[in-house]
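Quick one: structure below, then a few questions.
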């Protein structure tokens, strides 16, 4: 049972097309299911969609293609949309064998399969990336935001060393309801964008760079110390996390 | 000129009570002012309120009481509300001498003076703090959120080592539109709260603790690695920054 | 000579079934053996079992399968139980060729072969793990605790982001005599469990995570800064060490 | 109501000297009290003693002498023993004015006042310290262990650079039920002691040292990497925490 | 003997107004002076001006006012200009007592006394600073560059969060021969400026900021990882060093 | 249109061989081209050469051989010189297939193809390297400086542990207009050279070394703390960056 | 009983002037004294001089002037020489009141009082210091080496940025039996000296410097990574430790 | 020309068997050789043996087998002994093809070929290693010390967790003229040994360990903070460096 279903059920009651007793029974029936389905190596949370607005997401690392496919199959069987992150071509082949129509986003290293239509967000999420090397993380965010029902506007290769590329996109930036900014190296882009917009900016440091970049520590620290108001930060390379927060903001009524 | 004034002006035009020409003149007159007023030691941004929804905020450290008072006086003179952060009793005395009615929030180390009514936020911002030692940072967030026009719900001393204290507040938590979580030591509270709500959680690590707490690095790292979806992070002790982001989310239309 | 044998010998003397002189001779005979058996590349400590309650444990890394098998053979030949940690399938095959019946625990990456019955612990050791990725470390602890004679109660996938999963196990938790808590990412689980029980909690940070997890430094720091009383910490991924401490506590008379 | 009181009550029932109904009423009466007493700046947990075996402890830093005295007074008024850590002569004077007979342990920087007799531990806790500069931390542990009902055996100035000083105490060491080892500089003492005993060793790094000691990071890391089995670690300078764990072990039935 | 004097001497020879023998004698006479004058607590390098184009500079920390004044007096007595960095009002008073006319630059914490005219640089050195808190470091650079004979153009409070302030100064920026950029917090300004100019950019991180700024490590790392070409970096707060490099570039023939 | 072309055009106007109108048209025609050519995975900046004196440089990591070859082809087609850094034999083969005559510098891991003659630098750039292991970075600098039109003087294997090797090259050192110093391990060479010359020194730390070298952090820190005046620093292993700065200095009029 | 006394005693026996029995009695009488004298707050090791060649040294920090004076008095009373390190003028006054003739070395922050003549070292210990700010550490080494019986040759202000100052002292350097090198900032001096001599070099990093010097971490790392053979390192600012090692080398027979 | 040859030559002169003129000619003839032989990729220092007592040593990493063999051949051709460190079986095969009789020390990863007899050291160098995993580093030290002419006494597997193993070797320890101590994990062994002997102790941290060992940082820090007098430290895993220092001490006259 997803949120729209629960909402529809209660509207049926309001409209007099369903007795409170019948509705009560159907809700109880759902709740009576164990909240977790135990596969031995994982417990799938089937109430997540109702509680948090999106079903459980499969984090790929440390799971075999077969395990990922097995979990994916149960999620889709429960009528939920599928999202697998940090995954591989091999895992995709195992998933596709069980779920025809699943899509592999190679650059984003994610698998999706949409079941039904997600509740749409209220505005646009702009995803800005400083350099081409940041695209895998930016695309993880874009695919996540999309499957969660948001309109996404990609704005790539707008790093601060060539400011005219960013300033040329000023209109698209100020039209956003949330902005995700993905950057490695010195991580300056969120500060510049934070000074141009008045909506929330979610900064994602990437492990792009070399030498004293230290696998993303440098942009992480730079973003935490941003002189611009309105910038909050997620873990290094965490495109999924940024998109989930942005989607949560974009779905606030 | 603040946003509500601009909005009212345009409504006057729409209602036919003001000619477009007259409105045009008044807007130009405002824009003709230099966007910065230069005091020698600082440039005050008088367009900030129009661009970003709240006037410039004075960050106290490195400024003398006299300098703070001088900047404060110009902000209030321009018809804007005042917020000074990380400040002292001495600075307050200098400010009060020029701005009777200014308020000093001792625990939060901030000075405020409200001019007019800020545009109200749409929902409630819950501010949860793990321990009593985190209160200065939590109060900085609370005062900031309040002066920016938000309804604030304080939930203090709800650290994870006594979980029943937090679980008892479950209803207040799920009623929030945004949650700010302030914690030092092991920084676990945002993860627990992130698992209980589906709205954005802004985590603020504090420099509270000793030994291997390293002035807030430990909770900062813990929060960045939160296993809960929906948690973003700001700089150590940055209560102001968290509140500004929360207010920006809470004012999304 | 293991502790139970020494104990039995002394009881024989007390019961008058053995003269002190005969007992004295048998103890001397044992002590006359060199305390170390030198294999060239390693010195096996055959008095360890008497001194510390469990025979020498083989730490796998840096040793060839043949070397591990050779040491293992001598330990079992001396009538002791075998435990090899951080080992591989190849090493197991070499060991099994010499010690039929040895067992390979794949997930835990350990080899065991029990000789006789270890002295039983007094209570139960609960091993809680935050996520499925923490299982190899948790299983290393579980296998170690088991071979040392303890009753083990596994409680996996109870991370703090879904608190109801942990709270549902409250009864099992408070029934423990010692709790081992294994967690990566933000390492918050020991703090939450530490607040629910009043027995010793041994926290094991794992190198699970990415970005600012830094190979386990983040949960290590978080656990050292736990706001809960009763939590002590071992090295990153050190499931064996945690179990040895827990067993030592569980065998206190 | 403390644990011995609850135990005595139940024995009365068993002995037929108290009806189950009367006992039931008295337990309910206790539970009916709010579990927290709210002083505005702190919530005192009056059920802590029943749940965890020792009443709430006051951590001094960040609290004024008056606040400490006020909390202390309520704890003693509830019939509980008092322990204040990391405190000062000034705070002691404020406490003593309200609680005549309270004791200030200058070297340990703690205040205690014992109410009734704590349940005695089963064995002895040895507290070993490497150098004289480690004594404040060692004494914090000693005072804590003592007020919690344990027999304490102090073994100071036994650093590894003069091994004969430690070896001369071998008999006292092996007689311990738990050993707390306090050391700064290179933090080697827990490894040496861990090799000599088979009971749990709680290692406390101290911030003693200079240069590359980094305020205790060096001994902290050394202790986490101890080559001896049976050593777990607490935060830098956390004598209280080590003693609380040791006491919890020493009170296991 | 300073460079211009040596140059003039050789021109005299070329012009036939001085015999080579006489010139030879005067050069030898200068070289016969010990290259160092030993004051006991310091050795003053009187050939520095000839070798490197500017006389020895006094680094204030760790020297008493009297020591600074004594060294200063000998430098001026040798006909050289004086520069004291990281110094105090007290030191200035001691210096002024011996060298009337010396100037104290309070914000820059430097003392100067110009003797003769330095060889002028070829172009302008722009010194850009991100925020008002960076001014002490920026002024140390400005005073140093000025006393070394350079034209300085100050451009303060042009941080990246308000980009229009920087873009408004585009003409002054591209007119520079070298740019010094002083910034704390996230240290993004050198990257933005590096993308706008094609002359060398010397970046100076400052210890301004709090929390995860770590005393300037964050901007230092950000500057080292700048995505703009042409940016090199000096030590945290090292305004003097940046100006000395800029002056050396500006004096290249 | 490159800088020499623009310069020649303006000279034609001055000489009366071209009307201002015709020159105006040709400049406009160039500016009318889109400043970026979008290949989908990259935007090539064709105005870079005019703005910054050298065309866009291709940074190899994260790009496939085919992508590198495609970008390279467009740069050369636009009449610009080619520089690819941090690249491989495979990428070179793809480039050579499209651009016959391109050169692969194996030790420097760069590809170059010169189109026309770059504007020559005014003096010599000395590139000093401490050890043979630093040569890949030194050669990246040398190839970069060469393709940008500079005269390069290589001075390799002159580490400070055998000072006579460096002092023997004193004459070549003082003849430089800029010095690039490449060193790993303790990074002392820039300090020694900085004391011998009065021109700008660009220090490049390398990731050469082991143990406490930490992938170049040790020489990076040492160089930032150089006691010599005139030393600025670039990122670890950033030979390209150092050469670009040196070339910019060497091309100052 | 010091080493020379023991040696003389045995020579008396050899010469027939003392019976073995009498010598035996005197040695036993000495050994019968408790090896430690317990003052409550410290245990003084009176056998140290016999075992390690120099009596116990008092490390000042954390001891009151009265405690230092009390320990000092007992050491001198036992006929040993006195050395107090990291101490103050106040402590000296307390010591002098009990031990007339004790000497305070202000710059070295040490107190000495020589009793008898120490066994002389075989050669000279050169102590080289890079800058004047390193003198307190260099002097701690010099005073220590002197009181332990070594000939000391001070060579101060010979930092690598002015190499001629060091090279001028080449003869004194190669005449040393051991060299102690004290340096802060980039810590390059030991590498340069290590390449000039073939005797052991003890490197002492100092906490001198600012910014990215990190309280001595930078020179510490640089010294550990020295490209010169023959350099070993002690803790930051540990002049005493370096001198004790140098003296031990200089006293090898 | 090696040191013994120079010594013999001068004795011939003293004995009247060689005229000073003839000796002068032979010395000049040697000095006339270029001090470096340039192979293109390396400069071989043929005067090293005379200056520092041992010929140049080949550090293997970053050199191809062929390069190593070529350099090795020239060293041996010059009549010097050969030492290659951090090398491989492949490099050995290339060396052996040119230098029959060269020896590969597999555990120590070194190649040696002794030419003539080195000058013998005066005493014994004890090499103590804490665990079997430290043997590669210990053997690198042992092979180095041996080829440099020292008597080596290996004392392996004497870690502090089993102190009786070390104490049993007390006599061998105190007979040493220098002690090298190799240890990973908590690095405590040098402190314990430093308290037992009065000769110089060279501590070598190893990268053995896991988790918070950080590739040898933990034992490095522990050794630098040793509470024992007489311990100096070299880089992580630097067995060669420790042996070179020990040999230099052992060859002091």
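When the chains are written out, they are named A, B, C, D, E, F, G and H in that same order, and each has its own residue count from 1.
In this section, contacts are C-beta pairs under 8 Å (C-beta built on N, C-alpha and C of every residue); 3 or more make two chains touch, one makes a residue touch a chain.
Since we're looking at a predicted model, the values are computed, not measured.
S.K.: Fewest touch steps from chain E to chain H?
M.R.: When the steps are counted carefully, the minimum from chain E to chain H is 2.
S.K.: Which chain pair shares more contacting C-beta pairs: C-H, or A-B?
M.R.: A-B
S.K.: Half is the threshold here, strictly exceeded: which of A-B, F-G or C-H has more than half of its contact pairs identical to A-C by residue number?
M.R.: Duplicate interface of A-C: C-H.
S.K.: Find the geometric centre of each of chain D and chain F from their Cα atoms only, then give the gap between the two centres in Å, rounded to an integer.
M.R.: About 63 Å separates the centre of chain D from that of chain F.
S.K.: Just give me the whole-number Å value for how far the CA centre of chain D lies from that of chain E.
M.R.: 57
S.K.: Could you give the separation in Å between the centres of chain E and chain F, each centre being the mean of its C-alpha atoms?
M.R.: Here the centre of chain F sits 27 Å away from the centre of chain E.
S.K.: Considering chain E alone, which of its residues make contact with at least two other chains?
M.R.: Residues 162, 211-213, 217, 220, 224-225, 229, 235-236.
S.K.: According to the definition already given, which pairs of chains are in contact?
M.R.: Per the contact definition above, the touching pairs are A-B, A-C, A-E, A-F, B-C, B-D, B-E, C-D, C-H, D-G, D-H, E-F, E-G, F-G, F-H, G-H.
S.K.: Can you list the residues on chain H that touch chain F in the complex?
M.R.: 35-36, 41-43, 45, 61-63, 205, 207, 216-217, 220, 235-238
S.K.: For a test of understanding, state which residues of chain E touch chain F in their complex under the given definition.
M.R.: These residues of chain E touch chain F: 51-53, 57, 122-123, 177, 198-200, 202, 220, 224-225, 229-236, 241-242, 244-245, 248-249, 252.
S.K.: Where on chain A is chain E touching in the complex?
M.R.: Within the complex, chain A contacts chain E at residues 130-131, 159-163, 167, 185-188, 191-192, 194-196, 209, 211-214, 217-219, 221-229.
S.K.: Over in the complex, which chain B residues touch chain D? Could you list them?
M.R.: Within the complex, chain B contacts chain D at residues 132-133, 157, 162, 164-165, 208, 210-213.
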